[in-house]
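All chains are identified by letter, namely A, B, C and D, in their written order; residue positions are counted from 1 within each chain.
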Amino acid sequence: MGKEMFNSIKLKFISLFILILFLLFLPYIFSSSFALTLFCKMGVLIIFSVAYNMLLGQTGLLSFGHAIYFGLAGYASIHILAAINNSYLPSLPLVLLPFVGAIVGLILGVSIGYLSTKRLGTAFAMISLGFCELITALTLIFVVFFNGEDGIQADRVTGNDLFGLTYGPQSEVYYLILFWCIITVLIMYLLTKTPFGRMCNAVRDNQQRAEFIGYNVRKIRWIAFSLSATFAGAAGSLHAINYEHIGFESVSLVQSGMVLFMAYIGGIGNFLGPILGAISLTYLDTMLSDVTEAWVLYYGVIFVLVIAFAPQGISGIILMHSPILRNNPALLKKLITPYSIFLVSILLLTIGFTSIVELIHSIKSNHETLKFFWLSFNNKNILIWLALGLIMTSGVIASRKSFGLVKEKWNEVMEEIKLSLIK
Amino acid sequence: MNYHLELKNVKKSFGSTSIIRGVNLNIKKGEIHSLIGPNGAGKSTLYNLISGVYKPTTGTIKFNNKNIENLPSYEIYRLGLSRSFQITNIFPKMSVFENIRCGLLWSMGYHYSTYKILDKDKNLNMKTNEILEQISLSKFSKESAGLLSYADQRALEIGITIAGGAETILLDEPTAGMSKSETQRATKLISNIAKNRTILIVEHDMGVVFDLSDTISVLVYGEIICSDEPDKVKINKAVREAYLGD
Amino acid sequence: MKKIIFTLISFGCLIIFYACEKKETKGPIKIAAIEPLSGPYAAVGKDIIEGIIYSADVINQNGGVNGRMIEIIPMDNAMKAEKTTELLRKAIDDGIRFVTQGGGSSHALNIIKQLEKYNSRNPGKEILYLNNSAVTTSFTNKDCTFFHFRFDSNVDMKVAGLVSHMSKDNSVKKVYLFNQNYVYGQTFRETATRMINNKAPDIKIVGDELIQPFGKIQDFTPYVTKIKLSGADSVLTGNWGPDAFRFVNALKDAGVKVKLFGIYISQPAGMAAMEKNLLFNDVIVVKEFNPTNSKAPNWYKEYEAGHLDAVGYTPDADRFRFMLEMFKNAIEQTNSFEPLDIAYALEGMEGRSIDGGKVIMRKDDHQIHFDMQALLLVDKTDQSIIYRNQDFDMSYSNVGNIPVKDITLDTSCNMKRPK
Amino acid sequence: MSLEVLVFIIFNGLLYGMFLFMLSSGLTLIFGMMGILNFAHASFFMIGAYLGYQISENINFWIALIFAPMLVGIMGAMIEKYGLRNIHKYGHIAELLFTFGLFYIIEEMVQLIWGKTPVPYKVPEILNFPLIEISGMSYPAYSMFRLVISLLIFLAIYRVLAKTKTGLIIKASLTNPNMVAALGHNVPRVFSNVFGFGCALAGLAGVLAGNVIGTEPSMALLLGPIVFVVVVTGGLGSIKGALVASIIIGLIQTLTISMEYDLNSLINYLGFQIDINSTINHFTSLTLSQLSPIVPYILLIIVLIARPRGLFGKRDV
């Protein structure tokens, strides 16, 4: 037992080490500034979504207003940067700026949390929605602080920073964000191991019981809310540094919805879930909008499908397989065939659906032909519509059937594992 | 004489319906005290009043000579009064081990700490295992609590209730819905934990009640009609009337 | 276990990234057009992009620029400032040297500031920004940079044009200012207040309203009531989008007669929501040209017919045409494709206008200047306004020519020129 | 404040309030009974407006008034049956995210079919004339028509809830949702019907309002949050609450719009002077009228903190 545990810890450390090493060399593999911007964005959103999940996944509070702490901390940071630019303030090492953001987040979290954690469940969610709309409206009204729709610009190159970094090149910002990302995620991970972290879970699971083991559940919620806002604030600060700009959309409901999606799609039941969610959604968001104009539609469809068929999120699906791996990895082979059939039918469905959407789009934009992947279609040709319709219908049927197949095989495998466990 | 737990003329009404109509109840230190009565007599409401879920409309509740009727539940718990529930009330998504450990946290002085790592505290983990041993759930310690069988969940709930070392325990129908053998196991567990503790228990299974109790109180329509030793309760006229209708 | 899986997935993502990296290509002159193509502002972005692409096509059909074609690369920023930054960086990565943008001032400012840093850090690899519609005045004043050229008149110039026209209109005595409560609307309001006080002291400002912007207000009746009660005979407004068309409709529904002076009231994208309600009140807008000018030169008529054929509407803005024409001329003059040379050539360059005058790119601040037209919406006369194949049976009638001197304003621009 | 202004405030406030009521009455039922925070509610409103446009373009407005809401209702019921019902077991957050995703899909679908710009949806000619005139301001017959329809909707729902079996089940599920299921009612079907009916109400609001506020793809996005304010303030499932809350919000907002008071005037009244060029003037010179957009959200927060069951709700949100 002891040795096994030691091995698993060692394995964890080794993989973590490899991961960090890999992340450190990432800018050398992908040196284009766009790729780096994307990595930076992912880093920021990883912090944000893990912080958000402290609330949603760990404590069971659904917030629609988490962008407030993210965005307002961003505003505070950019104001400080701008003040340094204009020499109103003495130069501050940029690496410390997220502290400022965190403090802003903490102050806001403590004060707004005081009011909103009086309630829980839907009422809590609605209060956060109210605050979010309120602050968004105020960003446009209080021009002197928020500068309305234009937002605020600043220059992150403030002069001499620690270690001779200037933060002019994007790669230096990448390391700054990486540093903060590792630190904050680690802290948040360790937080789940503390009495407070455990009690968060307890409050999520059963707040009455939590109260009868001596805890003031509101206080737990309040602390969780404040801490979550603190980390969101740090993320907001990094966001401001990354873009050297902050605008009202970063406090809006859209941003709050985005982080909710990230956490949920990644899987709120697992600490790693939000990280996966942030990475995959950021990637999807950036790439899809490059490929097609109808990307919002695909985005929406993907969400709805994930929620309908994989509500435990990406990490949930992966973790579902851990009992198999632990007990009898050979059983995984049984799943390969149904999985590949399912994937092929999903692919079929995707091709059918996307090409039809793109065809409709091409009609709307007064173009006659449509380049789709490497083919080009004429949207006046009825045969093409028919063919695509057929592809899509067959995709729908095939995926329904193969989903059933997957389920069936899955249950078989699980039965076997249960049997082996009893033995 | 000073009682351990003392209810004086406690009344509770919801809107115009009064559920508890003036209860006087005295519980001595170290006894097992059963509270019985027909359905709708107000037993659960009385529990909720004692444990701070509801505030009484009038009357006082004293615990170790301290008025507790206006304290929130968690304060009452911290004074050393812990309870279980009629409907299983555990942390279903957490492991059995975590369930018990959470119950221990406050009494071990952890409170709202955000910097102490729990896994490192050997003493805490040892104590948790002890309690698991006591409620004989050690073998499930890594399982998710929601996946346990009903009887095991009830045992777990008692485990959580006693984990914090409370000297007074309120148990709400600990054997409800259990098979014979399960009931036996639960009874054993209860008498096991009753050492050095004061226990107030609500129960429908008369076998269990008369087996365990030192004192029995009968609650009918929001009033205690009798509070005495088991043998005397058996022959009490008012009780017979209330239960058998004669 | 979790960590290994995590690492695997990140690797998978990275492989996809790598596959998506693009190589620089030679061939056409690429201009990145960063506009909103999805979300609530998609209509605005689409109009701009289609207009620019058509103008580029016309140039390409006539042989291109020094033998090279112009390729417009649309990029969708979904009206998110951070996305604009990302796309700009992407465009730079792809080796694109020219950027055009116009929808949304915050995005324009982002581009200006980003390029200011990039261009100073990367001499020889400069990027030129052709601003097609972002109108915040500061871009050609305190925020001006050498690599930014604005082909639209700024807010101050537009307001100056409107005030100049109002001062000649004897029926305007009491004016009500009605604007959106964000930077653009507030600038509009401040400039209007100042200019009315200075240039048209006879006109009294009887009301001043800032409303919540971007279509959040569904019911404009309370505002119309306020205007009615104030006794105003005209309204000066910078509103656009739903904030403009709901206002026009509410005025019509309430039967309140005022003269409406504005910039974007008659944007074709919102016309379908108003149609003939636009004619209930006199609606006067200022533009760089008259889109329904029946006396336009033949080359423009051809251009217009081609536009209608290609995208299904008559051009509402002439600036995309003269922007690319001037860009083409600058390349031909210098015989260079380097943004630096082109920028120098663009300074002071003249372009052709369809109403007879000229458009001039002022050297001091890179702000375009032209004679402005005050246009009144009327029933169809000759050419009508067509948008997305829908004929509105309405035309603009020129009610006043605002000479360029009336809208020429001082600039605080102190430009640093490279070399 | 003159009497004239007061009359206008009441009139405009009522008109706007009834518009809000029409928009949110459907969600009151859905949210109240099923607990679904339907973010796509305003999207159904938008579909209603577009269908109203399409049908009145091809046939006429009156047919649209009847059939467009029905179509929207059927659509809603289908979505409930094939989508939401399967997700119900994963909890409210999943349901809510589903409707969030739905919101995106509907917005894009609408853009695909009808384009990104507003469609020319017109008020029917027969009602397009000024009906009432109060000191220079006229109110067109169409807005009176909308007022009457929304009142009728209120009365109809009120009666349905009070008199019919469905109403009884709905009301019962408001206070005790699990019990109704235990009593053996086909709760899923009732849910589908309620959801469909709620969507149909949103669709009807869309048909009636689309030609006034303009029918365009972003209308749903802009109306989303305000609907929640009405539903929560009024109380879960209380149609009366929704009506009262709508009118209150309408009145307060109209009232604040007509108030040109700012902090500066108060400070001046107290005998102080604020420098108009100072930073603080940016805050003190804000008029109440400019702050009117935040009024509903302040109301929302106050209600939820002070009285989470809303004005007429029977249980907490």
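Definition applied: contacts are C-beta pairs under 8 Å (C-beta built on N, C-alpha and C of every residue); 3 or more make two chains touch, one makes a residue touch a chain.
Keep in mind it's a predicted model, so treat the numbers as computed, not measured.
Apart from chain A, which is left out here, the chains connect through touching into these groups: B | C, D. If you compare A-B with A-C, the chain pair joined by more contacting C-beta pairs is A-C.
Farthest from chain B in terms of Cα centroid separation is C. Centre-to-centre, using mean CA coordinates, chain A is 43 Å away from chain B.
The distance from the centre of chain B to the centre of chain C, with each centre set as the mean of the Cα atoms, comes to 73 Å. Chain A and chain C have Cα centroids separated by 35 Å. Distance between chain B and chain D, defined via averaged C-alpha coordinates, is recorded as 48 Å.
Among all residues of chain B, none touch two or more other chains. In chain D, 108, 115, 290, 293 are the positions where the chain touches two or more neighbouring chains simultaneously.
In chain C, 38-39, 181, 212 are the positions where the chain touches two or more neighbouring chains simultaneously. By the definition of touch given earlier, these chain pairs are in contact: A-B, A-C, A-D, C-D.
Those residues of chain B whose C-beta lies close enough to touch chain A in the complex are 51, 53, 72-74, 77-78, 82-83, 85, 89-94, 98, 101-103, 105-107, 110-119, 160-161, 163-164. By the touch criterion given at the top, residues 56, 62, 115-116, 118-119, 121-123, 125-127, 129-131, 133-134, 137-138, 141-144, 253, 257, 260-261, 264, 294, 296-297, 299-301, 303-304, 307-308, 311, 357, 360-361, 364 of chain A touch chain D in their complex. Remark: chain D residues 35, 37, 83, 86-87, 90, 92-94, 96-98, 100-105, 107-109, 112-113, 115, 224-225, 228-229, 232, 279, 282-283, 286, 290-291, 293-294, 297-298, 300-301, 304-305, 308, 316-317 touch chain A in the complex. Within the complex, the chain C residues that touch chain D are 38-43, 46, 181, 209-210, 212, 214-219, 221-226, 228-229, 242, 245-246, 249, 253-256, 269-270, 272-273, 275, 387-388, 390.
The touching residues of chain A, counted against chain B in their complex, run 190-191, 193-199, 201-202, 204-206, 208-217, 219-220, 223, 227, 269.
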